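Dumping the structure here so I can ask a few things about it.
Chains: A, B, C and D, in written order; residue numbering restarts at 1 for each.
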């Protein structure tokens, strides 16, 4: 626990809106777990996914480990939790093996909720003092964004687990929704910026506005003439792709993608029914909406579809330069829909639609450091940088992301074979 | 569900003591599950083990599928359960993949207990009629023995799951026990029968006394002059074996055993601490009792120890001919100890001790059909015969077996690498 | 190299016919390798198989290590060969990993043949003295039988390797053969002995006649009334089995066999064409002869066929008691046919036919020690005993076995999934 | 074979220097195979590597398939070779599984050399006509570069295979070399270009100068202030890194790199001896030269070393902008040294040294398409593009590359775990 130690001499700053945001984020996590039984909350359906209970505990441990443990009068809720609920911080110490998280029936869900109560109460005690050491205020900010990331993972992980249960349970009943409709006709294109563009966020905490370290520093990049599709690819188009035998045609796929298909006998998107008419959702199995964005594709599928369509995936720089001017608005987890929605027909804007929310959009960019990238100091420097190998960047957030968590410079990343996230496609092409 | 269908013309017979035994067995299972939370009951720590909840449901499904479904007025508690809770009956239909049993958070434990209630109530309704068709009375008898087998598996499976939790939870507090002690000095031998011996049980249900199909028919076998050790091998002796470097000496092991050691970096019994001073038990971690039988060994370990000790494992025929005259008495699950106990010092009998209970004793016999073996008809013919490949026979029952489940002719079987059962060693030697 | 050391005081005995047999066996091995290029001789197509060159070297090393190294004036041909060509003798020292034998392009085939020359020359030098120490004469005897085993493996291993080459090369052109024919009609049965029978060979070297340690000691066994089929199962019958969907019907298979089918997508015998009309042989691809014994089945296939046919496999005791009275004659490697041959129509004997040669016959017996079994002393004690786990016994030899290598008590053994040996089926049934 | 078909109407162009280059390249390949026995040429030590014989045949098939088959009077040398020697061209048809190339003892090496003769003779027949259709002249150009790539792979593959032979054979004796020496003292830095730079090659065949499709099109990129190390990292520095426990410190590694270390028990470079004093080379085992560039590192090792040294790897754009002005000169395969050489002490230039030859230099750039990238038409479009996933770019060529094959824009690529190539490190840092 030494590497995260607070600097000797430090300044304090007022806690401003952090307490209120802390309450809101913590409550949102608990609300997401509310529909789950203790048994549901224990499910780990694959090594990449974690039990909901683990998400509840790990996000709590983050505050205990990186903030409370630095403050006077600290004693651990349970010293074993450092081992159980550390995710991947080598600096902090050894930890329970990730693929074995599903074996932790103890502590039970109730005990984990007590852990949450205890940490929240102690955090609020410190807030009441009115100020926090600068470094801890920063960690608090980071911890809130961290917890929001786990909110989305909680949803995608439980969706995957439920999908393996032959009963196909629904996480939550479907909210009443005025079904939007959309022409699924001709593809429309929006021309992007070209030449030298500036992307990336100013480095936090030097800058006041939060961004993860890997979004920085701002830097120039060159864009060639190009256009982005106005809409994400929808289910109707993707069904055409499947129907035309795409999953049997090696010429459409990256070599690694074709190997993935052959090794796993893949024939369609992960949650689609064999008849290509239904999909498993957080509301159980539902008819496929032709006009809604196709979702739960991996990079191989997104890339192959683009090739089949005579287009390509956008780079993350193209995406960000188009998104920078747009409001961060869309179908987020906050709507409670928890599934991509088709966009309205009557939108006259020339700008791309549904850039934020609905589906994470795979980019053609490998997840790598920006020029001049510096990880955070100490254990929190393990947050992002060490994963910069083999992954691709996704942009824009999804129907399972908290809206307040997103921004144009936000970089998400997954391995090319991963398809349990709410990930889809926006096409691009050269002009 | 067709293959298990009842013959058209059948006779009935009075249900005799079956209802009372049904109640007792069903209550015993539920008592074993009582210390477990819903989360505990969902744990599946390896493909070979099943969640406690699954044991609770599968043993219930057995009665519903093979008895209730044959009787008038049947409707399934939940038609999906045929798929979820069929273990391996290919005749009955497809089923949920065994290694995926841990993903079934739904139905929840409460719902499974309702399932148990419902099946029990309906069974009792039929009992109240006073008679059951012959074939169904037989299946009921079989179902009770079947459920007793799962009682033991419930204990060994939860023990394995708990052992992987860094908190090492106790399944149950340790009962007050007058600690028996025993000289761990010189090994004593009891001479066995020789020449032609008759072993095996009369085929049930032709014979009135229940036995599994693979215990029959009775047949002659030839025994050479030999002796069995009076006691099972104890922890002190096995610790000597470990301490002398046995796990690093290939000459002591079967070739497959040595491969197993190298591939898995094995250095001691599965639940022993690295210092060879403690072991994980159903009461949590405890000091190793030098005088208690060593337990949780696989066939490779038992065989290697015997070689190291200048002895060998007994054949199942040797074992049975020695056990046939003994009372089926010992440290069974019924005692609540749930761990092997050392035997008293002052036993003057010439016969081998602790043949029943404490630890299953690995024999040198492969699990194969007796001459003239016939599996049961229909789906229940899949009960034993199809597993006759690669496994070794164990005899005598353990501290986790229900005492009323055992007999001298009882054949248990596991793969040579399996060590999560309460399995130990009794030595034999040629005379 | 210490454990095989010769006892200080030893007697000598005349070498009798050993020199002549040494010459014959060594020449036979070399003749088997004659059709192979240096490249062919390097092939290792799976971990279970070895390159021909390795067989040539290992059988030579056996004489060098266990005989020459014990005699005065010894110096190793190449000290590295102890590491390269030791198969599995832990007592002798570390060795090259078995699955990596195919990486040994050096020493080249020519060099290995020089090694053979050198060892043969030195052996003959010692023979010229007219006597060998007793222990070494025994090892020489053993070494000859050892080399004969590798002669058969050389053939089965190269057949497997060639089968994976899309060119399907022939090892050797087919000899002119008067094609025998046989009625493939009704199955005939020969009643076996019953009651107490004596099987097994007297322990060599106490007894003058060679037998491997695991064939001893002779012992009594009980046989129930039974019959053996007069002929091995032929291709026509096995094709019926395949044609009726046996490979898609789990009820015919052992559980482990069904797992093997599912995991490997098995639909027919290993060397059969998809149309069930041809098979790959050491003479290349040839039409399937309906009347010839089916060959290259594993235990799972043999067992499933027997179940489908309403019969069972014989035990090794049943087999041996029937074979004991028969001449060791049949279609062996010596005939040069190197493929099972159909038996003549007009055979009036009541005894089972083709017991020796053509195909190894899977028995229902697990490979285990006979009562009172004692391995040889020293390193050669690793020859057989340590493999007594998980394997099944085969009897009778095949068209790839040297005829002088076989006898009624001969026990061969392979894992139940192995099917690259010349293994087939003789049915048995209870009377 | 249809997709590569020649356009109906085509122009011809004179063959210029192509015949002479064809002869030179083909002769060079054969010279590389000269030290190998037929057995050596069959070795396949891992799925990623191919037998030398396969390289000899596949490069020949390339000319037969893509050129000869398009010309009048073609008949295949052996029609089976399309299946055997196609590497990965899905458009051309099915092919022999890559990991099974080592099983092809037939055709033998001699036959493959006849195949080479036949194709060369027929090619020369066409050259004698004085002109080739434009498209075929292009394919010939491509085929020569293709064969040069396989020349390097032949060396790295045989090195890997020989390293697994306990005899550690030398591919070739070491040439007499005036041993260069170099100060291994302080690291020197050369400042790179900054701002907008133009990189990439004009698209061939529109442009006259050959480049692979993925080197095009030329495009602008932004460079931040940075410097490159003057020398590649040498063995002395890398030994310090190992000696300080780098392979046991997770904080130095990418997460995927640390997983690779743990899963494979990695403790040092692949060909280094345990004592860190020697390395296996194409001349057998030799003492490690502290002043020579460290070689056979994978991306994980290169990246971790850079982090440990407080630096980073260069991007491929940084590398190319520094190399563009330099002569393509260095220690290539042509020197016959076949191992990295230390650089002379007395070099006064300010430019980076040893950019070409000695070791491929890992860059921090993922292997992705340049903006506006277009693959070649037809089957040859599979040459590069489909591998753009998960790989990293290496630059500059090695001691095993033919010098005439390289240029500043040349992009090589391998997976981050690959370390059997002659790959090393040049450091970079931000200014």
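Keep this in mind: a residue touches a chain if its C-beta (ideal position, glycine included) is under 8 Å from a C-beta of that chain, and two chains touch if they have at least 3 such contacts.
Treat the numbers as computed from the prediction; the structure is a model and nothing was measured.
With contact taken as defined at the outset, there is no chain that touches subunit A as well as subunit B. Residues touching across the subunit B and subunit C pair largely coincide in numbering: over half of the numbers involved belong to both copies.
Per-chain CA centroids place subunit C at a distance of 47 Å from subunit D. The geometric centre of subunit B is 38 Å away from that of subunit C, both derived from CA atoms. One inter-chain figure worth recording: subunit A and subunit C are separated by 60 Å, centre to centre, where each centre is the mean of the chain's CA atoms. Shown for subunit C are the residues that touch two or more other chains, of which there are none. If each chain is drawn as a node and touching chains are joined, the picture is one closed loop, every chain linked to exactly two others.
Under the touch rule stated earlier, the contacting chain pairs are A-B, A-D, B-C, C-D. Those residues of subunit B lying in contact with subunit C across their complex are 88, 90-91, 196, 219-224, 250-251, 253-258, 299-300, 303, 315, 364-366, 368-369, 371-372, 382, 386-390, 416, 430.
In the complex of the two chains, the subunit D residues touching subunit C come out as 37-43, 45, 80, 83-84, 96, 100, 102-109, 161, 164-167, 169.
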